[in-house]
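Each in structure tokens, the structures are laid out below.
Here subunit A shows up in two complexes: once beside subunit B, once beside subunit C.
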Partner chain A sequence: MASVNRRVLPGFSLTLGYTVFYLGLLVLLPITAVFVKASSLSLHDFLGAVWTERARAAYLLTFGTSFLAALTNVVLGALLAWVLTRYTFPGKRILDALVDLPLALPTAVGGLVYASLYVENGWLGRHLVPLGIRGAYTRLGIVLVLVFVGLPFVVRTVQPVLEDLDPETEEASSSLGATRWQTFAFVILPTLVPALITGFALAFARSIGEYGSVVFISGNMPFKTEIAPILIVARLEEFAYGEATAIAVVLLVISFSMLLVVNLLESWSRRHDR
Partner chain B sequence: MSIRIQGVSKNFGSFQALADVSLDVPSGSLLALLGPSGSGKTTLLRIIAGLEVADRGTVLHHDENITEYEARDRKVGFVFQHYALFRHMTIAENIGYGLRVRGVPKQERQVRVDELLKLIRLDGLGSRYPAQLSGGQRQRVALARALAARPNVLLLDEPFGALDAKVRTELRQWLRKLHEEIQVTSVFVTHDQEEAFEVADHVVIMNEGRIEQVGTPAEVFERPANAFVMDFLGNVNVFHGRVERGRAVVSGLTVAYPDYPHPEARDAAVYVRPHELEVERSPTEAGSLAAKVLHVNPTGSRTKVELRALDSNQLINVELTPERLTELGLKSGDTVHVAPRRVRVFVPDYEI
Partner chain C sequence: MTVETTEVRDAPRTRAAATKIRRAQQDPAWLRWILTGLAIAVVVVLIVLPVLHVFAGALAEGAGVYWKNLVEDPDTRHAIGLTLTVVPIAVAANVVFGVAAAWAIARFSFPGRTLLTALIDLPFSVSPVVAGLMFVLIFGLQGYFGAFLRRDGYAIMPYLVSALLVLLLAVASFVFRPSQRRARRGLWKTPPLGLALAGATVFVLLVLAQQALGVWPTNKSLKIIFATPGLVLATAFVTFPFVARELIPVMNAIGADEELAALSLGANGWQMFWHVTVPNVKWGLVYGIILCNARAMGEFGAVYVVSGHIAGETDTMPLRIEKLFQEYNMPGSFAVASVLTLLAIVTLVVKRKLEDRIPAPEQGRRTGAHP
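After this line comes the complex of A and B, so read on.
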């Protein structure tokens, strides 16, 4: 009897095997290679590569701008998802399709376009620069392109949750005496929180890894607008492969622990669903 | 607090959900809106609650015109068929919600929530989440939530529709008792006549956006206003015949019908409830229909017998007491004679 498969859903061993193989080949193997390469450095060299003032400035910039961009996307993306689910208006389908565009467009193109828009004589720059708002070759520019690339992640995670929202709970809330604002704050927003956290995590992770668009808009000035991935490329151009992978390891470790925290937060926010 | 509905109409596109409906709900009563789906009963309830806006007509609460009031200003407790509890809030938070949004201080709120938890017999479960409760428990929580802010009116939309049969029966009796205790004017929607009759003290029968009849369960059942009400209140045999000269005639059967003394014959429908039919072994003097026994179902307190009329091939349902069945010794294939003890005649366009 020991060989009897007691699971109701068939195919467990096959699919799990496939999952492990797939994740191993596509994710774990390259990451292991990074760690192996980085471990070719001595501890002293490793620290020397990853903990320079320039590198620290790059980490701070990468995570700082990614965090700000993801936060902006949570607000703007939720608003966009709200408009796309709650209202009907002409051109809604086109707007809906536009949301996915940042996923399809080479991000380098996005970065180039943003840069040309925000430079002093660009369409937007000629009005903004006199006001002291410089979108090109600044940290603001980095946040702008990261908002661009991260937007679809928040919209697409929040949208289905909004669509599934039971209109009766809102009616219940208003018949119990709540204002529209109270209904939004006490009933709608809390049910969106898990999706908002997931959307935040996705947009944040996407921003940390973003390279193509940032290269074109940031100007890549060390200590000012140089993000960590650009620093890695700079090391590679100097043929300092060990140092480059060392910085990658630091990025990986920080990203992984941050995503872990976000995931824990997300499952905590679902505690009532059991 | 009484509710008065005057000339309310509501259209959804080209569909007329309510056509010039007027209704008085006396203060402290428990009234059922009963009708088939699409009869407008839920729309009427939602208009009373302010969740739907009437195209025409007015809604009054105790002489105060609340037609233009938003749902939140109506002081109405609404219970939804699928509970509509807030999943991310505990049971206590759900019940206290109406007090919280009205700015009742936390301690005062806690007292009321505990009181209601006791009332719905869920004391001690206040810190659970809705997902951890059964359907019947959730619906009780929804009821407590609706009652928390002491509404003037309690409205329930098919409150037992999503529950299984046993829980449904229990909750009905419990709601009846609860209403006796708290005496809040209540209106509930149902499509189940048994439920309406068991729970409500007044029944409103609706059809195609109109009210067909209003009355106590006994009035409605004993004196249905028209053929629809008779038909809708379940299980009835309909014989098609004619009326003339103060009589109604269905094939071999003649019954007195003094409401139609005219000599010219008119088509009419004769309605007989299954328990108002008598079965005999031989034809009766007053006239009877010959029929063949198809099936005898002796389970339950009343024996159900299915017959087929010999001349018209019409199916006839009869309910007998088990004693009468033993006396007759009926079995499938027997030929018997059926006579009504009581009939109701409805002449189209000539309804009594």
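After this line comes the complex of A and C, so read on.
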């Protein structure tokens, strides 16, 4: 660990002071402002803002779609991580690099292109809409973009664990007479579980706050396709700052608890490693 | 690892052991084919097709129209210019912070270090829309500073500018002081209290000078929300953790030995920083900057809330995409989107190239941007 005597290396008080100052000004102060504003509302107003029928529909939709998307991501992410670590095939490096694209691509671009891919005359919608699968301006569309946005998280948390897996355990399992499927289900999968849960939590946390991509594809109809961040913006555009803040506080509390869960999971799985 | 030890122990059986392990790890060919095919299909449908569609949509009416959509639409042109103004400021601010935070956290131990590291990640877990809302609550018309800013907003400028200058002076006095205690003379000998007093005096003098000279207009409103400063604040908030997150593990991995050597050979802080620290961490720094830049260029939610979407004034590129989309101008929308997509592809390529150059210990958590 690089803890060096403060009298030897220069700049401790300067850099720490600046770090705390900048963090406080840009991050902690604004977050405090939201909670202060929310606490200035009476309990009645607060509940009136966060517990309306429209707000409840929005939370339900946000969590439902985020949950479904994160679950889909776990399956697809595990598949991609497995293929990328275990097999060799031409174009593997490109495939590996492409997985990171959702992190680099602006969410607005993702939303725009997904919306136009799945509309009736879009590249994919042309074939899917006649089958009754409507991707654009529906809840399915929200799940689709959230899957896109969250895909890298599961892949990138599972991949290193698979790479570090000890080949001897698999050899032992197969020499003791286990079939390939048994080896996977009873030897490999249990070691992947912490990474899969962490990946799920990361994708889920990201999906809850997602706005840029969803706003393009959802159509934003109250009670139907309006997620919580869109409701906040709608309240802001009515200049109902109190109500917007109340809903924001609900979202903040949930995201912070998700962050806590992720950190606990990470320390738990690290303890598991030893 | 295990295969290597087998090799050392009993060389003749190595090959047999290796094949056995390989067979134990290998899936049947049909399964390999199916899973590989599925994985490729997932990436093609979810990622490749959308990217191709962006360019197809942008070029749907020919290259001439594409060019016109990008360059001849004054609002689009303004949006590109605005993004190119806001993003460098926000990224530069976060780079300065990231270097300072990494130096403090990776080089020293102090109480609250773990908490500070966790707090740096906080913006990742805040929904962009909520991030924008925070700044509206503080600087908006009905916000905490709203009335003040509208009445006489520029009154804060002397304090802001003076604080910045004093900070720069403090940095300069720290980095240029001789590393050997014995060689410190004059101001460099003074304890922190003396420095603080000197800083305060300079600050007061600077403020008084600016007020006396009337540098800033009085009784004039200063717009932060629905204007460029708000866009910078929102972007800086959302991209806050990137540089620090990348630099801390890199600095940890490299260790302080070379820096200590430089100091003991008589380098001052500035020389040590530029000749030892920066060359050591430069690839990690570049990595952090490109990720930060990509996110800053593409930021939508936070910027959406603070911008007020005034076309030709506060629309950045992602906001311009949305506006053109709402106006059913799909080729125009896709034209702007294609520029950002190109940027994303370049970011990915550079990121890949850099990953081979960054010291390994943090490979495990190379999840790109975390959330």
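Rule of thumb we're sticking to: the second predicted complex is superposed on the first by the 223 of 274 C-alpha atoms of A that agree within 3 Å, B and C clash if a C-alpha of one lies under 4 Å from a C-alpha of the other, contacts with A are read in each partner's own complex, and residues count from 1 in each chain.
We take it that contacts are C-beta pairs under 8 Å (C-beta built on N, C-alpha and C of every residue); 3 or more make two chains touch, one makes a residue touch a chain.
In this text, all values refer to a predicted model and were calculated from it rather than measured experimentally.
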Partner chain(s) touched by A:I208 [first = subunit B, second = subunit C, both, neither]: second
Which superposed partner A:P190 touches (first subunit B, second subunit C, both, neither): first
First, second, both or neither for A:L162, with subunit B first and subunit C second: neither
Partner chain(s) touched by A:D100 [first = subunit B, second = subunit C, both, neither]: second
Partner chain in contact with A:L140 - subunit B first, subunit C second, else both or neither: neither
Touched partner set for A:L176, first subunit B, second subunit C, both or neither: first
Touched subunit A residues, subunit B compared with subunit C: C
Contacts of A:A240 with subunit B and subunit C, given as first, second, both or neither: neither
Touched partner set for A:L80, first subunit B, second subunit C, both or neither: second
Those residues of subunit A which subunit B touches in one complex and subunit C touches in the other: 166, 168, 171, 173-175
Residues on subunit A engaged by subunit C in the complex (per definition of touch): 1-4, 6, 8-16, 18-20, 22-23, 26-31, 33-34, 37, 76, 79-80, 82-84, 86-87, 89, 91, 95, 97-110, 112-117, 123-124, 147-148, 151-153, 156-157, 160, 164, 166-168, 170-171, 173-175, 180, 183, 202, 205-206, 208-212, 215-216, 229, 232-233, 236, 239, 241, 244-245, 248, 251-252, 255-256, 258-259, 263
Residue ranges of subunit C in contact with subunit A within the complex: 2-3, 20-21, 23-25, 27-28, 32, 35-36, 38-40, 42-43, 45-51, 53-54, 57, 93, 96-97, 100-101, 103-110, 116, 118-131, 133-138, 140, 142, 144, 167, 170-171, 174-175, 177, 179, 192, 233, 236-237, 240, 251-252, 255-256, 259-260, 263, 268-269, 272, 291, 294, 297-301, 304-305, 317-319, 321-322, 325, 330, 333-334, 337, 340-341, 343-345, 347-349, 351-352, 363-371
Subunit B - residues contacting subunit A, complex: 49-51, 70-78, 80, 82, 84-90, 97-98, 100-102, 129-132, 142, 145-146, 148-149
Parts of subunit A lying in touch with subunit B, wherever the complex brings them together: 166, 168-169, 171-179, 182, 186-187, 190-191, 272-274
